[in-house]
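These notes open a run of structures that come right after.
Shared between the two complexes below is subunit A, which pairs with subunit B and subunit C, respectively.
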Partner chain A sequence: MNEKITSLQASALIMFAIVPTGILLVPGAVVGVAGQNAWLSVLAGMVISVGLAILVGIVCRQYQDAPFLQWIEQRCGRLVAALLGLYLTRYYMTTAAVTLREFTNFISEEIMPNTPELLLKIIIMLVVVYAVIQGIETIVRVNIVIFFISVVLMFMGLFLIGENIEIRNLLPIWEGTPMSFMHGALLTLAWLSEVSLLLILGPYLRKNSPLIRTGIVGVMMAGSGILITVIVAMATFGNKITQMLTFPSFVIVSLVEIGSFLERLEIVFISLWIMTMYVKLAVFLFGAAHCFISAFKLETERLFILLLGLLILLTSQYSWANTAEFHRFTLMLGTPDLFASNIVLPLVIGVVLVVSSLWSKRVEGSG
Partner chain B sequence: MTTAIPKQLKVALNWINSELGNSPDTVTRMFTPSGTDSVSVGVVYIEGLVSMDTVNGRIIHTLMDAPDLGDQKPLNCDGYFRFLKEKVVSVGRIAELSTSEEMLTALLDGYTVLLIDGCTSALAAQTPGGAKRSVEEPSSQTVIRGPKEGFTEDLGTNISLIRRKIKSSKLRFVQFKIGQVTQTDVVVSYIEDIANAKIVDEIQKRLESIDTDSILESGYIEEFIQDRTFTPFPTLLNMERPDSIVGGILEGQIAILVDGTPFVLLAPVTFNRFFQSSEDYYQRFDIASFLRIIRYGSFFVSMLLPSLYIAISTFHQEMLPTTLLISLAAQREGTPFPALVEAFIMELTFEVLREAGVRMPRAIGSAISIVGALVIGQAAVQAGLVSAAMVIVVSFTAISNFVIPSLSMATASRLIRFGMMILGGTFGLFGIMSGLMFLLIHMAGLRSFGIPFLLPISPVSVKNLKDVFIRVPKWAMTTRPRLISDPQSSRRQAPGQKPAPPDADHATGGESE
Partner chain C sequence: MRKQGARLLASVMLCMLLTGCWDRTELNELGITAATSVDKIGDNWIVSYQLIIPSAISTLSGGGAGGISPITVHSTKARTIREAVAKSKLESPRQLYFAHNRILVVSERAARYGLSSLIDVYFRLPNSRETVSMLITEGSPVRILRQLMSIQPISGQGVQQIISNESRSYSLLPHVKLYKFAMNIVGDARAGVMPEILVSGSPNVDAVNQMGETNQPSRLKLGRLAVFKSDRFYGWFSQRESFGVSFLTDEVNQASISFNCGGGSDQQGGMNSAVTLTRSQTKVKPHIVDGHLQMEVHVKSAGMLEETVCTDNLQDPKVIKRMEGSIQKEINGIIMAAWEACKRDKVDVLGFAGAVHRKYPKQWKRMKQNWDQEFASADLKLTVDFKLERIGVSNKSFKSLEEPEGE
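Presenting the complex of A and B:
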């Protein structure tokens, strides 16, 4: 807990824990369910996620200087803290394994079709484990460098793709049912719910950092990234074609060209995306390691980071026999898991907090 | 354990001779000075370490010519010792020695030791001399505009070169002796109230903890005191130019001077510091900024160009314009090796040529250039061993490497290049990005005396960004770099010094009616 990060660094980290897979998978999925209302759905998802960020921020404020699980142990006992620690370790490991699988699937399909996926996974996890061993300060510093490069490249990309954008494709503004609109919003919320990472990052923030604002800024930046991708995809291809694309953002960047001599510049954007995926994986491995190590008060951190990394690698490689099974898993179990771990859990903690404070007031009053 | 100086002069001189192994360069002389007929004086020095003019003119001659004391003649040796110290020996720095070990140290430091028969103390007069290289233009960090003087191997000269540029009473020089056998003088230089006191303490602590037999160059010190050993990146800067070192000291950095080398260390340093040249501050800010961006670009070219060429030509051919792709394919058709092997052959050949160039006597240096250019370049292409494009890639990479002002950073990029080539040849651009990510993580975790290596890029320090990718005009750099200098003395110059033409009312030379 000696490491300290700033509010901006934490917000940027939350953003990159969401955006890399968010911009790859959310546009296709949201446009698929919400159709013409997709960008409105994303906007609604952002608004709801701000509420979640506030809730997580309030919970975080209760234990700003101590690790989350240590605080839980003080409030609810050792057993609850250990069980919660195990649950969160499982959650972060599963998310990391899913992310690793998505990462290697994409690399295999789009860039390196002949390279064995296991080799790609080994390379990725080696870098990720190295990052986590270096500590959260290093991860946030790397993230900030990538953040600035991303902003520059995003504006360059938008400028270069400008001629392909047709704003009329976004019209009409409302088309479809409220149900599909809400479905799209909830889908976005599921991705943005990763803001609950603040529960782990909170104690690492410098003293008197604005926790609620950190969460809101993080979720707004991530939401904006997804929103821009959805709007550009819809404005470029229209919602019908976007629905048919697995990775609309990838197809968008493949349109970028400078004159007629520099074409197929998607590799530049993919290269940056690869870096953001590394950050995302590092954040989740860090989360898993942090929860596991604090739940069991372990001292040999490096060994457990290495073991957890290995476990994530094996889970990602051997848990799903094929891509179809993997997609079924993310749809049937992944999204509910996101809701349970990122929304229900902070809500339960919030309710427990309110009830316990009311109870203590009542006891004081009667005393 | 110390030994007292023997009372008898002969015994003392014999002890010195035996301790120094009766070395032929040790000169011991015993005589009776004029003005006294009962006191014997011994003079000891090591030839080659002292200035013979000073020894002969200021010590031996004055002793021989000492005034007749008459009634004031001291009766005992202590009185004569004080008399010699205060009235006879006309040398600036004099020390009283009380042990035999001190005597030896003084002799080896270039002092002349005076012993008086019957005395248990000795006098050491500073008479440094011997052959020295004069102040010349630095060989490795040349500039077009700016001072042409460089540090030398003599510590005293180097200190004076700094002192002459900073005429401040706050300039500090703290001396250490490191190396049990070599007893090398190491000096830490900084400006009090500008350098961060915590970093000064840390550097001094690390220097004091060095326990070795020898320090022959500042590189020895660097390896002992750097924050992390297993890194290709240097975390201390070495410079041959006094103006660069003084520039660093004025920004709050700390210089470490080592006797016997013209390379002075500067700490703490951040990544961007390796791309700054002293010339940046002597020429206009716009051209300086342009050149700096060129340097950063060259660093990346030097590190990545061969690997990018390998990755693109092997895995991502779709990125290339069709005409270029066809041309490359035609060139590579005749070459028997894959791009990775081809690049390795060429890069290793160049490294061999470069190393040969350093060791080769100058007279046959030009022969090597011809062999390198014609045989390895043109003939290799004609023989079909490598493609012409690969020769261009390797040559441009090599030239880019020389653009980086700091040799140690240029070396780092050379080393990383080979790792990147393997990654590019096996995993394409994904491998290169993974390698870059690894490097970025590594650099983000590096520190130089506690200062993050990537400062001010990450952690971001907006104020420090004025002298990173671009150099803003001098008048806009009102503060010293944050974290590196003392937090209390961040202000460097007054704000609002932007020059402007005079007001219309005060203007002269305008049109007259």
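Presenting the complex of A and C:
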């Protein structure tokens, strides 16, 4: 708990815990369910996620200087803290395994189809485990460098793809059903709900950091990244082709052709995206390690980080036989898991807080 | 110190493992494809590849004697497109590399069968480019790939430059990229277009020794405009009709238009003057009047006089006004030719379906069931506004100087 990070660093970290897989998979998925209304669905998902960021910020305020699970232990007892620690360790590990799978799926499908995925996973996890062992401060410092490069490249990318964009492809609006619109919004919310990472990051923030603002800024930056990607994908390809593409963001960049000397720029963006995926994986491995170590008050951190990394690697490699099975898992189990762990859990904690403070007031009053 | 040295050595050694792993490919193991063609005969797809021979190109650019063709063409045949591509390994020492493929030529036969599987391959495989330029040809497309060009050693690249320059500075035929074609045929109108490429003249120029002459007996040339309903070829539009399609879809950048300047100076038959359109903009507004669809099209363009034999005073605003009227009439005729062709074939390659969908989303749900019929029975309300902004650096026509003085 000696390490301290700034509010901007934490917001950028939340952003990159969401954006790498968000820009890769959300456009195709949301356009698939919400059709022409996809960009409005993303906007609605963003608005709801701001509410979630506020809730998480309020919960975080209660224990700003102590680790989350230590605070739970004080409020609810040792057993509840240990069980919650195990649950959160499982959640962060599952998300890391899914992220690792998405990462290697992309590398295999787009860049290196002949290299065994296991080898790619081993190389990736070695780097990630090393980063987590160095601590959260190291991760956020690397992340902030990537953040500034990303902002510059994003504006450059928008400028370059400008000529392929046709805004009329976004029209007409409000064409689908309210159900499909809400489905799209909830799908976006599931991704943005990872703002609950603030529960873990909160105590690492410098004293008196604005926790609610940190969460809101993080979720708004991530949401904006996804929104821009969806709008650009739809304006470039229309909603039908966007639905068909697994990774529309990179296909958009591959359309850039300036004369015959500047083309196939997607590799520049893929390189940057690979960096952000390392950050995302490091954040989730850090979350798993943090929960496991503080739930059981362990002292040998390095060994457990290594073991958790190995477990994530094996889960990612052997849990799903093929891409179709993996997509089914993320849709049927992954999304409900995101809702349960990132939305229901902070809500339950919030309710417990309110009830317990009311109870203690009542006890004081009757005493 | 020793520990740091060991770490540094370990890092360097680890880097050796990261040289591309199983996907390592040397440049001299690749067969770089500049053009591809697809044909369909019976149940088989015939895929042909125009491969670049880098050593022959360097000989040509270095002013060497040449003698070796800068490209080589071969074909493979199989039941699916990818199986045909895989079969190339039976005869090519190099692995085919499609990332620099410039053009994709489909035969009319393949286009009549349907291009869905071809488009699927392009969207599915990361190696292929969705920006490849699509062209169609009558007969065997391999003839297009074999034809050599005198100016551009790699003819695939040359054809791509032709269509790119033409669409930018002449606007008769559109430059159709694969992803745009795919978007159009799955769009509201479910129709698309593709320019024709053909070998004009005979015999084919497919040997380097034929390139020594100043005039080759045959050359690659753009032709008509192919029209597609869904992924299948439907028919041909003439170049004039195609030009009209360019106007109606707002794809005219620059163009050259011949016209009659009027005023009794019609010495050379119909057309005696020419303008270059320097800009043009088309706005399409659909209206539903008493349940009937009416498309309001307004074309606003401007240009510069480039040729005339009119003896009138070109600095007289009345003369300019009269010329503008003639050009407007000519543009009107070009657009109406395209409109009549679209109505004749009941094919909406003009994007009107999208405009109706955007403006009347509720009515569109009914109209889309029978769009081709609705489209064919629609009315076109066309207005053309042309401004002749410049007359060049000559105030009078040369013809006016030939007339005797004092008359």
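Throughout what follows, the second predicted complex is superposed on the first by the 365 of 367 C-alpha atoms of A that agree within 3 Å, B and C clash if a C-alpha of one lies under 4 Å from a C-alpha of the other, contacts with A are read in each partner's own complex, and residues count from 1 in each chain.
Everything below uses one rule, namely that a contact is a pair of C-beta atoms (placed from the backbone, for glycine too) under 8 Å apart; a residue touches a chain by one contact, two chains touch by 3 or more.
Here the structure is a predicted model, which is why all the values come from computation and not from measurement.
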Practice prompt. Based on the superposed arrangement, let me know which partner A:M275 touches: subunit B (first), subunit C (second), both, or neither?
Written response: first
Practice prompt. With the two complexes superposed on chain A, say which partner A:Q134 touches: subunit B (first), subunit C (second), both, or neither.
Written response: first
Worksheet item: With the two structures laid over each other on chain A, which partner does A:I111 touch: subunit B (first), subunit C (second), both, or neither?
Response: both
Fill in: First (subunit B), second (subunit C), both or neither touched by A:T6
first
Worksheet, complete the sentence: Partner touching more residues of subunit A, subunit B vs subunit C, is chain B
Worksheet item: Looking at the overlay, what does A:L255 touch: subunit B (first), subunit C (second), both, or neither?
Response: second
Worksheet item: Of the two partner chains, subunit B (first) and subunit C (second), which one does A:V145 touch, if any: first, second, both, or neither?
Response: first
Worksheet item: Where does A:E175 make contact in the superposed view: on subunit B (first), on subunit C (second), on both, or on neither?
Response: second
Worksheet item: When the two structures are overlaid on chain A, which partner does A:G365 contact: first (subunit B), second (subunit C), both, or neither?
Response: neither
Fill in: Contacts of A:G238 with subunit B and subunit C, given as first, second, both or neither
second
Discussion item. Show me the subunit A residues, by the header's touch rule, that subunit B contacts in one structure and subunit C contacts in the other.
Written reply: 111-112, 115, 119-120, 123, 263-264
Worksheet item: How about subunit A: which of its residues touch subunit B in the complex?
Response: 6, 8-9, 107, 111-112, 115, 119-120, 123-124, 127, 130-131, 134-135, 137-139, 141-142, 144-146, 148, 261-265, 267, 270-271, 274-275, 278
Item to complete: Give every residue of subunit A touching subunit C within the complex, in rising order.
Response: 109-116, 119-120, 123, 168, 171-172, 175, 237-238, 240-241, 244-245, 251, 254-255, 257, 260, 263-264
Fill in: In the complex with subunit A, residue positions of subunit B that touch it
315-316, 318-319, 321, 427-434, 436-438, 440-442, 444-445, 452, 454, 457-460
Fill in: In the complex, subunit C residues that touch subunit A
17-18, 20-23, 99, 123, 126, 129-131, 157, 179, 182-183, 186-187, 354, 357-359, 361
